[in-house]
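Each chain carries a letter (A, B, C and D) given by its place in the written order, and its residues are counted from 1.
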Amino acid sequence: MKYEVLVIGGGGASYPGAFRLSKAGKTVIMADPKGVLGGNCLYQGCIPSKTIREMAELHLRSKRFFANISPNFELIQDHKDKVQEKRFKQHDEEIKENNVEFVKGEVQVTGDKTAKIIGEKEVDVEFNYLILGTGSEPFVPRIPGSEHCITSDDLYKYKTEIRKLPSSMVIIGGGYIALETATIFKALGTEVHVLVRSDKILRSIDQRLVEILKKMIDPEIDIKFNSPVLEVEKNGNELKVTFSQKGEKKEIITEKVVMATGRKPVLPKGFEKLGVKVSQKGVEVDESIRTNIPYVFAPGDVNGISPYFHSAVRQSLVASRNILTGRNTDFVNFSSIPVTVFTIPPIAYVGIITNRDSSVIEASYKFERDSRAQIYDELEGEVRLFFEKGSLRALGGWVAGIDAPSLINEIGYAVHNGLTAKQMAEFADQHPMSNESITNAVRSII
Amino acid sequence: MKYEVLVIGGGGASYPGAFRLSKAGKTVIMADPKGVLGGNCLYQGCIPSKTIREMAELHLRSKRFFANISPNFELIQDHKDKVQEKRFKQHDEEIKENNVEFVKGEVQVTGDKTAKIIGEKEVDVEFNYLILGTGSEPFVPRIPGSEHCITSDDLYKYKTEIRKLPSSMVIIGGGYIALETATIFKALGTEVHVLVRSDKILRSIDQRLVEILKKMIDPEIDIKFNSPVLEVEKNGNELKVTFSQKGEKKEIITEKVVMATGRKPVLPKGFEKLGVKVSQKGVEVDESIRTNIPYVFAPGDVNGISPYFHSAVRQSLVASRNILTGRNTDFVNFSSIPVTVFTIPPIAYVGIITNRDSSVIEASYKFERDSRAQIYDELEGEVRLFFEKGSLRALGGWVAGIDAPSLINEIGYAVHNGLTAKQMAEFADQHPMSNESITNAVRSII
Amino acid sequence: MKYEVLVIGGGGASYPGAFRLSKAGKTVIMADPKGVLGGNCLYQGCIPSKTIREMAELHLRSKRFFANISPNFELIQDHKDKVQEKRFKQHDEEIKENNVEFVKGEVQVTGDKTAKIIGEKEVDVEFNYLILGTGSEPFVPRIPGSEHCITSDDLYKYKTEIRKLPSSMVIIGGGYIALETATIFKALGTEVHVLVRSDKILRSIDQRLVEILKKMIDPEIDIKFNSPVLEVEKNGNELKVTFSQKGEKKEIITEKVVMATGRKPVLPKGFEKLGVKVSQKGVEVDESIRTNIPYVFAPGDVNGISPYFHSAVRQSLVASRNILTGRNTDFVNFSSIPVTVFTIPPIAYVGIITNRDSSVIEASYKFERDSRAQIYDELEGEVRLFFEKGSLRALGGWVAGIDAPSLINEIGYAVHNGLTAKQMAEFADQHPMSNESITNAVRSII
Amino acid sequence: MKYEVLVIGGGGASYPGAFRLSKAGKTVIMADPKGVLGGNCLYQGCIPSKTIREMAELHLRSKRFFANISPNFELIQDHKDKVQEKRFKQHDEEIKENNVEFVKGEVQVTGDKTAKIIGEKEVDVEFNYLILGTGSEPFVPRIPGSEHCITSDDLYKYKTEIRKLPSSMVIIGGGYIALETATIFKALGTEVHVLVRSDKILRSIDQRLVEILKKMIDPEIDIKFNSPVLEVEKNGNELKVTFSQKGEKKEIITEKVVMATGRKPVLPKGFEKLGVKVSQKGVEVDESIRTNIPYVFAPGDVNGISPYFHSAVRQSLVASRNILTGRNTDFVNFSSIPVTVFTIPPIAYVGIITNRDSSVIEASYKFERDSRAQIYDELEGEVRLFFEKGSLRALGGWVAGIDAPSLINEIGYAVHNGLTAKQMAEFADQHPMSNESITNAVRSII
């Protein structure tokens, strides 16, 4: 059948654009093997992991002020599943509201502008435009015994079988999934070891910020640097992780081993027929989300530029806008997309957060002086803002500590809209909220 | 002694401006009878009340997910005092850092440009400029038995004697202090009655928003409208509150009666010597914070325009800036100052939130569809944004429900900086935070 | 034949949208009886009148500094025709570049979504969307002898027969066409009388600004207020205009009588079949340019809101954008569209230029102090800016005098983008250009 | 005598700040050897040269449309002197209005915070702050016979003796003064030769823009590249200029030789006593205009960063603001300061106008398609805009051709305020003005 747009995938990279196009009168067919919208994010990614994270943080705070409560992990997992179900249902309603045809199934590209959906039904599709929102999946390196390991998908997925809190856990990797999982499970009571291949965690993030995080996280989390894993062995209910450290073999006995060694793009079968360029990082697109093949757009994780749900949604809308106007009229401002590492405590940043050439003025405020941080007795961390010298335009900022994932949006507004320190300093952030630390930082230089 | 600037009061209306002036080389003397900085806000206002509020909310959330914990009010009050102490100390350091002379004492105006400070020492002051940051105090109407009542100041003040949770409480008034106190103490376990003279609560706030709040707050809070209080009598440890309802006398027996019947400006002795105009609302100033007497500035609660700490701070800075430049070069943008009612759940708003002349486009998003609201199972409320037709410039917005006091700042940035719906829609708020509801609201109209 | 979009008219309201839609892949047919693009503006409106205007101004300036040159009106008209030809040709190329079908002919609406083009060929058109860019035409009131009068269209149209400078001219009307024509022909050497029915000229413009204009224009232009015309009689080569003044009949003998008594919308035959609402002013649309019939858009003069070419172009683009996205996602910000009265000297304004409720701060600078005004010895007039109190956001502004039609764009940028006085004051306008008067005005209040 | 601020110089770098400081209550003394305000710009720089330039352009335009008029250079010089006188008088009034003490005289620094003014009277000054607005002067290289040459100062200065149009002129140099003078005098009828040492003119300007200029200027201007001057000899009323070209000696006989070989900062006597750092370019300052000595500010030409009057004025205000607030709270945004080369035709630019790393999107519009360019038959040149990829924020732009010095301000507003292409595209520039070319350029990419 002929459709103006074929959308592969049902996540944040796919449905926002699909809905827009359908509303504008385009015929749209969307396919996803999961048969539900929301993509990895909802099925096994940010939504379930952040549900558990919030419960873990709530538990820590309650313990701090009220009593030594033990969290019930099974109840937490039940709550997580319910949140996921609520959203699956919500998305089902949206499909109907937006009049998009949605098919549960895998897509196989069969030609230049043709594909086949193989799933609950088989559909031959001719299309004028293709939105490739296929996302990414965990990359599991070949290590002897890697079959005994789980990934974050297993921990967080809908109806996961892991409903009992692991007493101990080895996490392999030093990226954001590794660190988030480490701090969340530590907060819930698991003994956590993190094995990092190199001497750095969160390598893609400015290391000044990472250093702050390292001081903030629970010191009982055992992070071993320069410790590549050699083998994972199963002995009954136990796993033995062997790793190398300074040329010596060492081992840890643990209940669970979580591989958090990065993610890789997912491409549909027959993808090569399209002639779309793919690099190491993913499908190549620029800010217009268009690939080298003008009728193919690749928003979201599949392009590897900014693998976050909120970024994927914006990318999807940009792709749909450019399909509607027939040329590149909308662009993603990647430099204003906030990034959060949802550790406990969290860090978040947006835009330019370095000062390589002294063309930047920094402004900061420590949370130890912030009312809300004091109210919660979470005094570590800071807000730090970066302004262009001369114009005083906001270039970027970070928040380490309390409310980081929320505060970063206010800073992101400044960066996204080219606001100046003066404009920011004249705004009166609500007292006594941690947003005041943004005001206080910027007023310190004005 | 001669000073360029006399600053009366030590709160948010006073010290920020005093510090700026001192840094710019002006000689500044500041006086406050409390002998500590922070004003009412810190001593008995927002800081202590919001500390208790956060503890109450935390308690509710813990109860929802973990167990039926009973909060220990005495520990909460201890924590509150500690937060206050931490801030008193912090302010003491700031006085030193900023090289301002601070005297504990009352100020009496003795002439055009002279005053006397009477307190720990007596100082005769000649000044060129006066910053009047004297704030406000509770207004207690004359009712028989009003001497048996307390005010919010008594509940929240530093080292308050009220350290046991009242089992029951009658709150007289329908303003924000009444409502906040009602929901906070209800959350902690107190039986709460609110007696409102008229048929409305929060009269100065758009009633569409108030209606949302009314549906959100704990329905067990007993709000009686059109119920003016006639008398309060003391019988042993009990208080009997007699009020009128539809022409009938009714009564409630309770442990505490809280008068939350508004606040009135505080003026120093001898104030009339200055010739400064005062209206019903307070000392008259415009956006430059200058009074009719060019060398007298009146920031903060004393002018009654926008009686919030964060507004007072900005006003204080504006006054100091206008003193430095010798003319009105800085102005407060009152229409972008966020206002929060810290009820549980909270509401917050900024700017224009009505659509009287159909020149406004509204955009909204219900929290029942928001990830974070779902994670916390706090599904009531919404984000609502107001844009000017044509320009699509953000005019105002409200948030009712989860994270309102934080989200309102992001909306406030839009209003303060004249951002358009299109600019807002192109920003990608962090997932899965409630800030996404702002994005979702604005994208629904773009 | 079936087209997605029928565009009626070939002017600024029509072709920009038509081109956009075609580029986005929509099939578009456009029809105009003139058979050339550019509409009235190019054929007989702004382009030819402003060509003559610039020549007249250049002539005045040359006379001022060099010598008493007599302009050769015939050469000026020849130049005007050449400018028009150049643009006709340019538009012909654009039609080809943009792949739009253009038919010379009148459109007759024949049904809900059908029309017939009758002209060089006859085409039956079925359409999904209609863009009605039919513009306006001079409104000539019924006066005895009105057949002896000409309109501005006759003066300025392509290949007009009026190629000899009239020695004298009576202009009936007090609108912008009347005033522009009066000052242009006076500058060229014609004796000019203007008969105004009421006691005001330029009634739709703030009268403070009009008063400035009245003082600036050549005092030899004879403007008679409260002077309704009764009759125009022809005697050989002369025309006798009889008008009433204070109850008395008076007369003027003149060579040409120009009716400049307003314009009225042009509607195609069969228009009533569409069910589109039309008011006194024109076809009813809002900022989305959509009429009450969702598939009909009416940009430009035909809606009477903002009858200027540059406004029509923007409106046309908004209509096309809303057709593409299938809903109202783009809007015209009418309050930021600059308006110029191209008198000699000119006036121009944008946005809000009154201060009805004292919520506005005004800033102004007189041209007598401006370098460029001094260089040209054109010292009359001023720049005046209007800011919102508090936010200091630019609400509007006017320029009376030198370079007004150019300067108003810089002010328009401020209004359109919600810039504040502070932002404007920090920009350094190029010296020694009249733009500095904007800087000087705004810096006077900061 | 003791003053809070000593201001050295009376030009654009000096008086704006002096007036601000005085209005804020500071005691200010200002000294300039010319005894009048306005600095070089008014006395012998931009004001007189641009007066002559405008007359020359007017003359060209008149000739194009009306007749072969010969300009009367003596009348032009008289007019120029009158413009200068008008402004001298205007500044005299401003001194009184602003209550600044102004002394005609040279300043000699005598100590850390002391100086002596030697002139119409002698004043010993003690100061807290120093504003050094001493500007620059022509740099005349040592060439045999350089004493027979004049500089632009001689051509343009108040009451200059050069009141007869030179029949021929050799200009030595390839900077903006050389090019401006060349095109102005060519337009007036002088035979013009330009001798450029290297293979480039306007070396500090992006050469893509310079190439456009080279094609636009009168081809009869004889520019000789790689032609260093060896000697200038006087023979009666004639001058013989000997220069080298490809190793050969060549010569030109001419009436006037203008040295336009750059400018150098002017420093007061005793300046070294202050310990202020000076580089090759001038006194070292950053965006706060403060030197390494915290109480010394150096706005304007003396710092060599941005040697334009409008930049100097802004720098002066920034210096005064930072003196008032006692710290760096105001900054010059050098990247948004427009620069114009007032050749005939002119070029102008602002911000970033290169695309070195492909992170820029360019948008352009040729003047041959612009209404106003067509009306004036000045079809060469273009508007070109540079936007950041992703954000589409305006980074810079240039205008080559008609109205460049005016249009650049509108582009400058976009750059200064971080406006995006989308915001710009939604503004409707006044028709039929050349500002439309900005709209047309930006709309071509949106």
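Rule of thumb we're sticking to: a residue touches a chain if its C-beta (ideal position, glycine included) is under 8 Å from a C-beta of that chain, and two chains touch if they have at least 3 such contacts.
Note that the coordinates shown come from a computational prediction; the quantities given were computed from them, not determined experimentally.
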{"item": "Listed chain pair B-D, A-B or A-D that repeats interface A-C [over half of contact pairs the same by residue number]", "value": "B-D"}
{"item": "Selected pair, greater C-beta contact count between C-D and B-C", "value": "C-D"}
{"item": "Geometric centre distance via CA averages, subunit C-subunit B, whole Å", "value": "52"}
{"item": "Inter-chain centre distance, subunit C versus subunit D - centres from mean C-alpha coordinates, in Å", "value": "37"}
{"item": "Multi-partner residues of subunit D (at least 2 other chains)", "value": "333, 336, 416-417, 419, 423"}
{"item": "Interfacial residue positions of subunit A with respect to subunit B in the complex", "value": "12, 41, 46-47, 50-51, 54-55, 58-59, 61-62, 65-67, 69, 71-72, 75-76, 79, 83, 86-87, 90, 308-311, 313-314, 317, 333, 336-338, 340, 348, 369, 371-372, 374-377, 403, 405-410, 412-414, 416-417, 419, 423, 426-436, 438-439, 443"}
{"item": "Of subunit A, residues touching subunit D in the complex", "value": "286-287, 329, 331-336, 389-393, 416-419, 445-446"}
{"item": "Subunit A partner contacts - residues on subunit C that touch it in the complex", "value": "20, 23-25, 321, 324-327, 420, 422-423"}
